[in-house]
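Paired with chain B in one complex and with chain C in the other, chain A is shared by the two complexes that follow.
Let's look at the complex of A and B:
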């Protein structure tokens, strides 16, 4: 009994931190309609800054709490700076650009933090005066956690006062409900938005700094917390503060007790909870229908065109590629093999984004599922390569069939969040189910059959399979199926009123894209000889998005060019430096701000002007 | 002239409220092949709600809509469409990333249940019939332009061609001439009247422009605060004192 009580209390302490971070995220979202991926970075840097300050001044209670407050304020200032430097230019962009742009910040901040504080985990000192624990029904419970438990409702109360008793807060609430209206009232929205980012990021920084006495400060805490905060915000209802509080409490308890019942799959429970809530209450527990972000007006007025003589060009390219082993060395062939695989991966995502307008933030799930499918078949069933390769798209396609049923029920940002959640579920299974997947160590020894073991042979195999799959995807894009998908994106209302079952087409596209990504994943596993959970992780999904974006969204050839350029950048430029995250982050931000139409779009625009 | 199929849309006691406000309160009327029925009324009278109830975008609280005896209430828009009720929208909605011809081809493909095709290029399918329909509404010359760059009035005509492509028995047109120049308006209404005669269509349309209404409608329904206050020939409705008071803002 007492044990359960302590477990519940520690769940409350977790909930308090979760609430601090997600309240900031939800406030920022409510006003700016941007899901700030970099929110977790402010939490992380808040923790690092808090650690430094606490090391220096934290010997006394006043010094400790002053350090925490200073770290929070500093994060507020940084958040305001990000609003002015980046977000301001993205308010009218499609959500894909907003998510990617802020993810670019995540990467940049990771490297800058590593540069400033070093790669080692940091252990902070305990809070003065709160070092001990008290006995609750004979079970010890840390005093500091008790303080945290009290802090959650306190911050909620303060925020409530701020939003309901001050003019600024009233304006923020008004802007949350109707942005156009607020600017009509003569309020300068720019300053309001900067202020909101200050507040939101300060809350994230506060959450981070408060963690210093509880756990080690690490470079991985940013993505971990932001994904959890996404879940809280989506479950609570995007933009709803009370919803975030409620969801934090529920998820805190879910984690505290989940770890007792299913220690292996706590993450799965949390994400499944989110998926179920979204299906039952599409706008979250306390969200309202109006809070749903209108998908940014991504009106596409340029017809999708194959380009002139596309068939001839494709055949010529294929001939050149097929001849490559005659001149290229082993290293170049390995690189080319990977480019071809990634081209299929990117093209499969492009089917969803470019034709369906469906921004998936978890496409790596199907790539990784294909890779793991092949690897597991080889390792546990001793399957020969052809069978394992055939299994990859089947497994990924089945996974996408199940996940897609949930995901296409929602559109826009919610779709992005749901796909992210499913990818995290698959990732956590691979990461936590040690006995089967090998967890962090991955699965080694996934080598091709003897006849395909040579670099050239495997390259030709890859080229044939990916080339075939790409050709099929292309046919589908220009067939009625691809048109119906675009019809649903262009005008869902009109599509439904001429007999097009939009959701069904989206679901079908989801399965098709998942299957193709699965094939790419299977080929990748044999190319590398091993699989790791990182193949399923958020950065892998983001890589695919960057490839699509680099190539340009409204071109069929775009993903191929994007995959080639991205992979060459990654293996040739970024491998030269230890600061590849910084480089990649800056590339992403530049792409989002300067070349929104991608390489192919940019070139054809250039040609049209010339 | 060959024998045209006769259809009948019977609307009985349609009701719908939004949070205590009755938007449509007990509307009944019958629409038959050959009718060009105008639904008029001041802003907020419930015209658009009425339309959305008829094509399944909204569900009525009570009432029935039957097409030749088949109950439509409760069916999703695409099923109602498949049964023969086409519609055009007040705010134009076409597939902006496709050409004019492809927009019409989509409807023809959908009608032929060929949308799930993954192989044969869509652009080559049903192109001739699409061009014929575009010719009928005077848009054949612009068939290969992207729909997203058309002038407003032209988009309205493409919408009409898309609606005709499904060979509907009943056509619901929400403000078909909104935003058009006066000459264009009359031309589009004349075209609609012609199509009604030629194909035995049953058309229900809403309209603000009284010239369009009284020039072409065969009958007129007047809606005020969710209720029908008058129904009859254009002359009868024009002479009705209740209608005059609604439109002139006098006491009812």
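Let's look at the complex of A and C:
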């Protein structure tokens, strides 16, 4: 009994931190309508900055709490700087650009933090005066955690007062509902938004700095917390503070007790909980229907059209590529094989984004499922390569069939969050289920059959399979299926009213895209000879998005060009430096700000002007 | 004659690629009520929005009280003393009546009547009884009154009033006309867009008639009432 009570209390302490971070995220979202992927970075840097300050000044209670406050304020200032430098330019962009742009910040911050504090985990000192524990029904419980538990409701109360009892709070709530009308009443929205980012990021920094006495400060804490905070915000209802509080409490308990019951799949439980909540209450526990994020219309300036000689060009390209082994060396062939695989991966995501208007933030799930499908068939069933390769798209397609049923119920940002959640579920299974997947050791020894073992042979096999799949995807885009998908993208209501079952077409597209990505993943597994959980992780999904964005959303050829450029950049440029995250992050930010139409879109715009 | 309070000349406006306004010119003198008349889709709302800086792309000579408005964002225009009352009301539904008024509050400015919530509650007695009520629980007429009161909290010297009588019950329309006349008596200048000839004739000194984004006729309200030809050409439905 007393053990359960202490477990519940430690769940409350977790919930307090979770609430501090997610309250900031939900406030920022409520006003700016931007899901700030970089929110976790402010948490992480807040922890690092807090660690440094506490090491120096944290010997006394005043020094400790002063350090925590200073770290929080510093994160607020950084958040305001990010609003001025980046977010301000993204308010009218489609959500894909907002998510990617802020993810670029995540990458940049990761490298800058590693540069400033080094790669080792840091252990901070305990809070002076709160080092001990008290006995609760004969079980020891840390005093510091008790303080945290009290801090959650205290911050909720202060935020409530700020938003309901001050002029600034009233203006923020007004701007949340109607930005234009608020500015027509003489309120400068830009300054208001900068202030909101200050507040939101200061809360994240506060949460981070408060973690210093509890756990090690690491370079991985940013993405881990932001994904959890996403779940809290989505479960609570996006933009709702009380909802975030409630969801934090629930998820804190779920984690505290989940670890007792299913220690292997604690991560999965949280995401499953979110999926269930979203199906039962589509707007979250306390969210409201009118708070559906008004997704910026995807600016389709140039409708997708079949190029006049597309077929001829494609055949010519295929012929040139098929001839490559005659001149290229082994290394070049390996690179080309990967480019072809990634092209299929990117094209499958493009089917969802470009045609369906569905921004998936978890497309790596299907790529990785394909890869793991093949690897598991080889490892556990000793399957020969052709069978294992055939299993890849089947497994991924089945996964997408299940996940798609949930995901296509929502659109816009919620869709992105749901796909992210499913990718995290699959990732955590691969990461935590050691017995089957090998955990982070991955699965090794996934080699092609003897007849395809040569670099050239495997390259031709890849080219044939991916070429065929790409041709099918292109056929689908210009078939009635593709038209229906685009109709649903441009106007769901109008499409419904002429008898198109939009949701069903989106579901089919989801499965098709998942299957194609699965094939790419299977080929990738045999190309590399191994699979690791990173194939399913968020950065892999982002890579795919960057490839699509690089190539341009409005062209079919875009993802192919994007995959080629991205992979060459990754393997040739970024491997030369230890700071590849910094480079990639800056590339992403530049893409989002300067080349929103991608390479192919940019070139064709250039041609049209010339 | 001294310079008009508001001078608009050669006003052009676009939505995306659609050219909505083409060369609208009008003036509003101090203490004057001008009605912008025209059928649905003539460009009345866009004209008011363009003056307020709420249209993404526009070009014009826009002078207000000796200042150039053409390059200013909406909040700066509002702070100079231009009050905008949208046609679709757009009250902040999650905020109470008092909070809605608070959002509109700006410091008093010389040459314009100064408003407080108490003073506004005497002008709109209905609102006084529902200070703590949220916008979601108000009737259309009450919302329209609140929108006007909220803008007045900014102590404007010029009011841009978009279709004040649209969709309101006859009794409320009459209250609205009374309110506009009171505001004029307080020294406010008003540019209102209107489809209803009876409402316009009850409050306006002059009228500008537009159709398909161009200015077609301008003159005193009395002249418009006397000119059957203009009314038939541009206003009759």
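Basically, the second predicted complex is superposed on the first by the 608 of 610 C-alpha atoms of A that agree within 3 Å, B and C clash if a C-alpha of one lies under 4 Å from a C-alpha of the other, contacts with A are read in each partner's own complex, and residues count from 1 in each chain.
As a convention for this text, contacts are C-beta pairs under 8 Å (C-beta built on N, C-alpha and C of every residue); 3 or more make two chains touch, one makes a residue touch a chain.
Computed from a predicted model, the values in this text were never measured in an experiment.
Peer 1: Given the superposition on chain A, which partner contacts more residues in chain A: chain B or chain C?
Peer 2: More residues of chain A are touched by B.
Peer 1: After superposition on the shared chain, which partner residues are touched by A:480: those of chain B (first), chain C (second), both, or neither?
Peer 2: After superposition on chain A, A:480 lies in contact with chain B alone.
Peer 1: Looking at the overlay, does A:272 come into contact with chain B only (first), chain C only (second), both, or neither?
Peer 2: A:272 sits against neither chain B nor chain C.
Peer 1: Is A:178 touching the first partner chain B, the second partner chain C, both, or neither of them?
Peer 2: A:178 sits against chain C, while chain B stays out of touch.
Peer 1: Is A:334 touching anything from chain B or chain C once the two structures are fitted on A? First, second, both or neither.
Peer 2: After superposition on chain A, A:334 lies in contact with neither partner.
Peer 1: Which partner does A:494 reach: the first (chain B), the second (chain C), both, or neither?
Peer 2: After superposition on chain A, A:494 lies in contact with chain B alone.
Peer 1: Would you tell me the residues on chain A in contact with chain B in one complex that are also in contact with chain C in the other?
Peer 2: None.
Peer 1: Can you list the residues on chain A that touch chain B in the complex?
Peer 2: Counting only chain A, the residues touching chain B are 299-304, 472, 475-476, 478-484, 486-487, 489-491, 493-501, 505, 508.
Peer 1: Along chain B, where are the residues that touch chain A in the complex?
Peer 2: Against chain A, the touching part of chain B is residues 55, 57, 76-78, 81-82, 86-87, 89, 93-99, 102, 106-107, 109-111, 114-123, 125, 146-149, 162, 166.
Peer 1: What part of chain A is in contact with chain C in the complex they form?
Peer 2: 167, 170-171, 173-174, 177-178, 180-189
Peer 1: Which residues, counting only chain C, touch chain A once they are in their complex?
Peer 2: 52, 54, 73-75, 78-79, 84, 86, 90, 92-95, 99-100, 102-106, 150-151, 154
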